[in-house]
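The following pair of complexes shares a single chain, chain A, combined with chain B in the former and chain C in the latter.
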Partner chain A sequence: MTGRQTRSTIGMLAPATGLIAIFVLVPMVLTIGLSFTQWSTQTGFETASFVGLANFADLLGPTSIGRDFRAAFGNTAIYTALSVALILPLSVMLGLLVHQTFAPGGILLRTVLFSTYMVPMIAVALVWSKLYSPTEGPINQMLGWVGIPPQTWLSSPRTALVSIVILNVWQQVGYFTVLAVAGLTQIPRSLYEAALVDGASAWMQFWRITLPLLRNTLLFSAVIAVINAVQVFEPVALITQGGPVNSTNVMTYHIRRVGIERAQGGLGSAMAVTLMLSLIVVIVLLFTLLRDRGEQR
Partner chain B sequence: MSTMRPYRRHPRTWRRGALTLVILAIAVAAAFPLVWMVLSSLKTPEESMQVPPVWWPGSPNLNAFTEVAGVVNLGRSFINSAFIALVTTVAIVVTSLMAGYAFAKYRFKGRDWLFAILIATMFLPPIVTLIPLYRLTGYLGLNANLLGVVVPNLANAFGIFLMRQYIKGVPDDLIDAARVDGASEFLILFKIVAPSVLPAIAALTLFAFVYHWNSYLWPLTVLQGNTDQYPIVISLSRLLSYNRGAMNTGLVMAGATLAVLPPVILFVFLQRFFVDSIVATGVKG
Partner chain C sequence: MRDSLVSAAPEAVAGDTMANWPAGVVSAASVGGSLYGIPNEIDVYALNYNKRLFEEAGIAEPPKTWDEFLAAAEKLTDASKGQQGFGLINSWAAGVLHPFASLLVSNGGDLIVDGKPVLDSQAAKETFELYEKLITSGFSDPAMATADANTTGPFLDNFVSGKTGMIIMANWWESALKAGMGDAFADIATAPIPVGPSGDTARSISYSWMTVVNAQAAPEEQEAAWKFLSWLNGPDSGENGASAMGDILMSMGILPSRTSDVATFGDRLSSDPFLLGYTETLSDAKPFPVVLGGQEFSESLQQTLEALQFGQVTAADAQANAQADATEILERNAK
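Let's look at the complex of A and B:
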């Protein structure tokens, strides 16, 4: 490699790599380091004092620190599982409707679904807090029309978390639908023609061809859906503040409250590290379960 | 194909009609929250409070919007949002083009692992680095200031990934010919490579703009309650706790409508690029 080439390589890479190193990689390493310290976020890094695994012991311990953290962790796990369980099947179903050319309306559906993905989460939270209103809201009114009694939605600890899952799925499903459509376009048409010759029903075609060949798409979607789900913040910060009775206290909200608002930087970092490790475990599990090992080809 | 289908003409038409109805019903249901938002912003406070809810505003008016302007400094917030979204977007496009070009067309030691590390940051939820980042921008004197919102977001891994995917498809001959003519690498990048990946630039522009227009967690944290510097999404979040009286619902809906408009309008005009780029980056064969 000549000198000129080396210089231009460095010149091209330096801005992006440097910025990402300073503002993502360095903070990442700092988070790990700080998780072993007691440190107030309001003071410099040099005031952090090493406490070993004490923060992690607190997270697992019997005090309110541990109880609140485990509640937030559990809520996030439920929230994530529910989101993925709703988003994946919906994205395939809606993807099939967008992709098919038998009936008109696919592009209209895609436009509507994807435009909700552009809506700021803050506006989504504002609007849904009113849609869910037990008395003046239209959702309970419509449920009434089909004979379903009014629901408590955001105001009861039993239903608040699920209510936030629903508004989040509404906002995000368009993105995953587009991913599903991208996967569907990659399936060779000849496979369906062959299946038709063999007399396979549409139902059979879906289970034997469509779904298996969407495997990589669904794996990618699942990973992104999990990562998006642990980031839920706005509806909680705006509407529920973690309540009622801690039922919507999720990780992003809790970590920010502890690490920034209460300035317990060491403890907050330990929570962030735990979140990251859990994410890695979940993603590795998803890959092991869903990866196409090619055994059927 | 059609000869193989056993259905006669009549049931086929019927099935097509039924499927069209299903698609329309889903589209209407998906659009409902946004339609309700706009309708509610035009209602009178009395209509907003009525039980059961009124669907159609009897005398549509813009009072709620005027009221929002009284609670929130709308002009300033919109300027702040535009500053954040525009500066980050321009910077992200430029830094991504440069790094994407290097990763796509240069051969150098450690290229693949450097790329892998950068891509890994794409999957890192921002909360994981939030606490030290807040201190770091504090050291740089950027807290409570719009610059603190912008500076950590001038480059991102998704942009690099997207640009690399598209620039890989630019023919080497084109680049080599320019090199023979003595063009500098920067000239080649901005005069030859960039114009051939315009769809990717359009997609990244829109992604970055919408993401940073909508972002909430980092601005809320770094601005430390300095309301002068608030972008529109943070200013509007104050509406929900403001005056929980009769006017509240209209206010909230008018505010939400204002926040939704810029990203959604941008999307409607340029959705093709969004969709193409998701196909290009989301699914690998």
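Let's look at the complex of A and C:
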């Protein structure tokens, strides 16, 4: 490449990469740097004092800092695992339902399913907090019609986190259904025709053709679902504020509480860095897991 | 203050404030003997109760002691109607902490004295045990106690819809009750916090707000700001010797804290039956402690009290945890 070409390449890439650098890379580097300091979020960076790994030691330590952090980490892990475990199978099931051509209404169903994804999470959270209301909430009233006693939903530490997962699944499943449908359309019809000739049942077709060929779609869906789930913030901030008894205190909410409300910027940064590292580990694990299976076949 | 964000008041302003505000309010606006702002709004806590439910349960008077309080809670509890005697609050730090702290000070106790937590006192022990008793006897149902981020939610809904007999809340929620209850608001009355076995008189915690001046601003800007604030909160800016700030607060149904404002608006304050339970305890109120790490302290105690509400810990464990965590948090933040 000549010098002129290089310059023009750099020139053309600069607007996009420059923006990424300013709004993504610089804050990341800053957060990593701040995680080794003690710093009040209410003051300038010049007041930050280097404390080495003390913040990270606190996160693993026996005090309330470590206890609350680990509880929030655990809550996020449970929330993420449950969300992904529910969303992925549901999206494939609903995807098959939408994709099939035996019965009409597939496109209508797809539209209905996707519509929940278009509602802002703030609206979803506020509406669901009323739906979940323990006494006069519509969900408990409807359960009453079929003889199921009222559930505590958001009002008990045992059920609050699961209630937020349900709300999340409801909102997100349409989006992942569309992804699944996109994956299903990629599978050549000829494979199913060949399988039919060989006398494979629909059940066998699903396990031997559909699911293996959806692998890449599912990998993509899983990665996006994990990232979305780890980012959960609005329903917690708007409805439960991490309660009751911190049962819905997830990482993003806890980081904001520590880093912004308590102004402990260094500690909050250390939590953010730990969350980022954990997320990287999970994503890498997902890739290796789903890729290895492919090579074994 | 720790981050040098707000400036200390000049001597003249500090002197004037000390002369014209109750000592408790001045102390809440001061750190280490220096005043950091001019106080305005003050909030205290009182027992709110539903007169209709009291009548149905055959209770003539609002409870004055914890024994009477527990007896009333028992009579008001009716599981078949989904009705609880006393409404606890959870998932909202102030909603959990302030009623607890008000019962604690009404029992002669304190949260923090001289920067050190004193939750290991006999008075605190009795307060934790009161909570345990409310829960184990079924007089309070934690599932009816949840708040959401708008400081509304089931705890408010249940009181508004007459499913909660008594609750302890601050004066500012009057407007929320009026909006939620309409004509039924007439059923609501207030009374001072019941006095515990170790207490001498009905008390509440109070928290007050103040206007402060930015320590980073230029000296002449700071001077101008203090001058304006002195006028705004002084006796010449409003009508009949009230301050303009007092006028503003009263127009929103909020209690002013300046002594001369309380006197000027005395008739209006005493003619509001809802506010009566609050103004009665104003002079005996103890300011909610202001310490470094206060937010962390509050959230930690909130968590312990919620664990107690949901039966995850006993009163004894809750007390031990609360004192241990508070000690660690305040020591760390004082460094």
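Basically, the second predicted complex is superposed on the first by the 280 of 297 C-alpha atoms of A that agree within 3 Å, B and C clash if a C-alpha of one lies under 4 Å from a C-alpha of the other, contacts with A are read in each partner's own complex, and residues count from 1 in each chain.
Note that contacts are C-beta pairs under 8 Å (C-beta built on N, C-alpha and C of every residue); 3 or more make two chains touch, one makes a residue touch a chain.
A quick note: this is a predicted structure, and the numbers were derived from the prediction, not measured.
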When the two structures are overlaid on chain A, which partner does A:T152 contact: first (chain B), second (chain C), both, or neither? second
In the overlaid three-chain picture, which partner chain does A:S129 touch, first (chain B) or second (chain C), both, or neither? both
Superposed model, chain A: greater residue contact from chain B or chain C: B
Between chain B (first) and chain C (second), which, if any, makes contact with A:A77: first, second, both or neither? neither
Is A:Q241 touching the first partner chain B, the second partner chain C, both, or neither of them? second
Can A:T63 be said to touch chain B (first), chain C (second), both, or neither? second
Just which bits of chain A does chain B share with chain C as contact spots? 129, 135-136, 237-239
Please give the residue numbers of chain B that touch chain A in the complex, ascending. 1, 4, 15-17, 19-20, 22-24, 26-27, 30-31, 33-34, 36-37, 40, 48-53, 55, 94-96, 98-99, 101-102, 106-108, 114, 117-118, 121, 123-136, 139, 151-157, 159-160, 185-186, 189, 210, 213-214, 216-217, 220-221, 233-234, 236-237, 239-240, 249, 252-253, 255-257, 259-260, 263-264, 266-268, 271, 274-275, 278-279, 282-285
Which of the residues in chain C end up touching chain A in this complex? 2-5, 82, 90-92, 142-149, 153-154, 157-158, 161, 163, 293, 295-296, 299-300, 303, 306-307, 309-310, 312, 325, 328-329, 332
Could you list, by residue number, the parts of chain A that touch chain C in their complex? 40, 42-43, 47, 63-64, 68, 129, 133-136, 152, 154-157, 237-246, 257, 261-263
In their shared complex, chain B is touched by residues of chain A numbered 1, 5-6, 8-9, 11-13, 15-17, 19-20, 22-28, 30-31, 34, 41, 44-45, 94, 97, 100, 102-106, 108-116, 118-124, 126-131, 135-138, 141, 144, 170, 174-175, 178-179, 182-183, 185-186, 193, 196-197, 216-217, 220, 223, 227, 230-231, 233-234, 237-239, 251-252, 255-256, 259-260, 265, 268-269, 272-273, 275-276, 279, 283
